[in-house]
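Labels run A, B and C following the written order; every chain starts at residue 1.
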Amino acid sequence: MKHVKVYLPIAVAALLLAGVSGCGGGATDVPTITVKPAEEAASPSTDVTPTNGAKTPGVVEPPPTTGGFGTFMGRVVIKGGGVESRPALVLKGKAALDPAVCAATADIPDQSLLVSADGGLANVFVFLKKAPKNGKDSLGTEAEVLLLDQQGCIFEPHAMVVRTGTPITVKNSDSKPHNVKTKPALGQPYDKSLNQNQTGELVYDRPEPVPVGVECNFHTWMRAYQLPLDHPYGVITKADGSFEIPNLPVGTHQFVIWHERSTRSLFSRFKVKIKSDGDVVKETIEVEAAKLTDVGGAKTKTIKLSLNR
Amino acid sequence: MRVLQLLILTLAFAACLPGCDPPESTFVYNTKTEELTRDVGSAVKERLDGDFGSPKNSVAWLRMPVDYGTFKGEVVEVDEDASSAYQFRVKFGSNGDEETDGEDEEDGQASPTPGEMNLAGLAIIWKSGDYAGGSQIDGGKRDGEKLATLQVAAWSKDEENGEEGLLSLRQLMDPPPAVGDTFEIVGHKLSFGRQLYAAHCQHCHGTSGDGAGPTAEYLNPRPRDYRPGKFKFQSTLKTNRPTDGDLQRIIKKGIPGTYMPSFLLLEDDEMDSIVQYVKWLSMRGEYEIKLVTQLYFDYEKVVFDEAVESALEDGLEEFEDGTRDEKPTKRSIQDELIETANADLPDIAEQESNVLKDAWTKENMTVVVPLVARTPDTAESRARGRVLYVQNCAACHGATGRGDGEQVNAYMVNDQTREKYPEPGLFDDWGQSIKPRNLTRGIYRGGRRPIDLFRRVFEGINGTPMPPFKGKFDNDKKINDARTWDLVNYIYHIPFESRGKSAGDSATKHGRTAASTPSTR
Amino acid sequence: MRYFWAAFFMFWPIVAIVIFTISPAMNWWFPGAGDPDSLTKGQSMTPLGVDIDNLFYLILIITSVVFVLTHIALGYVLFRGARDEGKKALFSHGSHALEVMWTIVPTGILIFISLYQLDVWRKFRVMSSFPEAAVEAPVAEVTARQFEWRIRYPAPGKKLQLKPQPDDLYTVNDLHVPTNRPVMIQLRSEDVQHSFFAPQLRVKQDALPGQVIPVWFEVTQAGHYQLTCAELCGWGHYKMKARIVAEPQTQFGKYLHDLRNEQNDDGVQDKKSGDADDE
């Protein structure tokens, strides 16, 4: 027992010493630096010949075609129809801000889910991620002026497909200030405040993988979606859910079908096969209503009040 | 009894060993990176680690516009008999005669010398001699065997001559460098910056600059997450990155009204190193985000599984048609898709790193300079400013400037998920609830100089709902700037304007002394 | 081991004497400046600080003498007890006279110290005895907050007001004061309790939220002095490192002038001329 008396303090002292010396050294660690040159020498890992731009996975290289173009057309409809229309975003005269201008004469409708009487779904983006080989680039160069107007505190149009580099004129037709703000995932953001009848120019510098939300920081309910692409193969569905994409080269294409009320794309690889020149592929694309409900609207929370804790 | 004693001793020592190893510092990956299907996710991580490294083994990627810190030097003496060398005598500063052709003229001043600095761990690149030319990644040993970059082990300066001394390397050079070979030692700012960052910044801003250090959760507002490459208070356009000066200013002055304290007393070289390290961290974070964004919509776990299913169906069809030789399996289809991703990744990385490089290049930044000098702070100017304020600012900042405009009751939509935030009020790009500034308190986070306020109004605040009012007040640029100054004059006046009204309130509320009224920050 | 405790208690007075002897040579002074080769070495840079130092030295001398003497006495008794083994200890019921003595002597010393220091205390803490010049024009308001020192100067030529004024000048962690005249600052705290501590100036004053506490000092030598927080105020307590820069009045005026120019920077004017800044 006598020895324990000696050993115990030693053990405690050792513990303390180790604590003092061994801990807290993390901050003073000196890192090791390696240099990576600005330009990579051809590294052995890139055996695959680099292609121009990234490829969409799963694209089966189209067999060498003799040319020829087909059309992909159809409708996007809600499966089984019958979707409750969304309640208005802002009731007439009830706007939190600028009630004299916003929702002054009518409710501001919720444009995030527009379903026609026969179930057609509007504002669905149908597009190819990358331009197909042998594509025709002539059709996107329409001289039409793209305009994003703000009137009655609503973005007009609500959805738009745009080519990169093509300017969109943004305009404020209201007597109250608005701003137009985008935060693209890849490209340059845009933000501009506008007085009545002032205009600005919104240009996307890079194609985006999904449509970009457009917002106004003055009126938080205002929202629009724009999809910049570097090729002409992208459209939005009309009010009845119909769409048409012409000039698709012969081969198999995988379309992305995207709607703002779905967290993920409705279809990330919707396959369309153009067999020969002049081929018209007609599809009715059915979307389950449940897929369109998972986004939007603050979920109502039920709070139970009780006297018992 | 002896057993007992030994046991106590052993246990005591054993207890020390695990507890006292400082936790390994590592960079964390973005949540979205983790959501990628496993193989693609790890390919992205590998890429990221190859290009930026870890806190302990950092990579100075020369493509990025970061000043990693360079010392230029020349070998002056090598042991002649040795066939290989770990160490040799070198001279820093003047860089030999043959090197004066253009390369050094950029800064026009003598290149810096390391002095007493600890160079251990820094990279060495050969500029002339046998080891020069080729990538230093292939350096070290010639002929076949490859080493990673050579690293300095130690540097001991001569007593009498400040520029000369003995340099030792961690790796063996076989054969040794020749006398007169020039080299550069790269990365002292990165290394020093990392050490300072660890001491001063990382407990809030996190090791990877994700704003999630251990103390972060106690702070409101939360520390900045630099990874999206967005900085609120900058002198440049909203779409630009901040300049080094902007970052320095924030570190020096702190951000009043937040937990970001002032680090005024850092030495100049410390400040410079921290700024470079923060930029480097931000680039790493944004690089990761951009890489993942490009891949996310195809390789996110759920989407990827769907893609595999559909590709498998196609493959089976093709197999039956005879256009495919082998019967595909789920595994083979997965491998095919992942191979596509791996083939794409270098191109994506190339593209995104170049975008980043351009974004952070100083020449691509535009500093906001008003076209006209500040309008004298007169009552008329303030009155004009008040009109602009009511039209443009009151919606958020409130009619009296208390930050209580109607917008604080509105519901914003989260741009990432396209869902409404569950609570009313404004949110920033990081998903944090923020309030419009209460302008009656005279606290200006981005600085209180007129130019600071001008820039906040003119370009807005990056990452927040504060929009830029550039060109809004008038279509003529000069008049617009003059109007902006009117607004700035009015904003300066707000704390003093409302005092008359609120003095009574605060007196009754606080009871007695003037001391109890809130002071300046 | 017989003499262990005797040796043990004799050891400490020896250590104390050795330390007293070598400390000047080892430069173990209070933080301060002063002429390194003279007696003013390690002296406070404020006249009041010198008084405080003198008080400290007085107490040090008293306690050291008492410490050394009592330990020698204690050691001697232990030594005697150990040496004369077998000898019976003297038993007593106590000595009234002795007890009175060792009660009265320390009491006297304590009363002496408490009276002696009153004057320094009055000068340092009682506002009515602050130098009038300092009270009249406080040089700045220093607000401690987690975790920095925010400083507000009045505009050059104006007086510091309790409430912020439009033309006030602001800095952080960098308090400039003129030398060779008493200066007063108004000390506040924004959040929790802090303590304004300038070791070289021998100034230490707690900052309390909700109170404005005047603190005065007079720096006799230009230079940079440390300013730290001496009250554990939170996890970032150690970050509250700041400096006091003492400089001659002319330089101090120039500093305020430059600060005003910086504060009125509108991004345009500095290209034309540095001082066209009249508001």
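Note that in this section a contact is a pair of C-beta atoms (placed from the backbone, for glycine too) under 8 Å apart; a residue touches a chain by one contact, two chains touch by 3 or more.
In this text, all values refer to a predicted model and were calculated from it rather than measured experimentally.
Chain centre most remote from that of chain A: C (centre = mean of CA atoms).
Taking the mean of each chain's C-alpha atoms, the chain whose centre lies closest to the overall C-alpha mean is B.
Between chain A and chain C, the centres computed from C-alpha atoms are 62 Å apart.
Measuring from the averaged C-alpha position of chain B to that of chain C gives a distance of 41 Å.
Distance from the chain A centre to the chain B centre is 26 Å, each centre being the mean of its Cα atoms. Remark: chain B residues 200, 215, 218, 253-254, 256, 259, 261-262, 264-265, 368-370, 372-374, 376-377, 442, 448-451, 454-455, 485, 492-493, 495-496, 499, 513-517, 519-521 touch chain C in the complex.
Contacts from chain C toward chain B in the complex involve residues 141, 143, 145-148, 150, 152, 162-164, 166, 168, 170, 172-174, 188, 190, 210-212, 235-236, 239-243, 262-269, 279.
Listing the residues of chain B that touch chain A in their complex gives 1-2, 4-5, 8-9, 11-13, 15-16, 19-23, 25, 50-51, 53, 55-63, 68, 118, 120-123, 125, 135-138, 148-149, 151, 186-187, 190-191, 194-195, 198-199, 238-239, 290, 293-294, 296-300, 302-303, 306-307, 310-311, 314, 318, 336-337, 340-341, 343-344, 346-348, 391-392, 395, 405-407, 409-413, 415, 417-422, 429, 460, 465-473, 475. Residue ranges on chain A touching chain B, taken from their complex, read 1, 3-4, 7-8, 10-12, 14-15, 18-19, 22-39, 41, 45-46, 48, 50-51, 53-58, 60, 96-98, 177, 179, 181, 183, 185-186, 188-195, 198, 209-210, 213, 215, 217-221, 223, 256, 260-261, 263-265, 268-269, 271, 295-299, 301.
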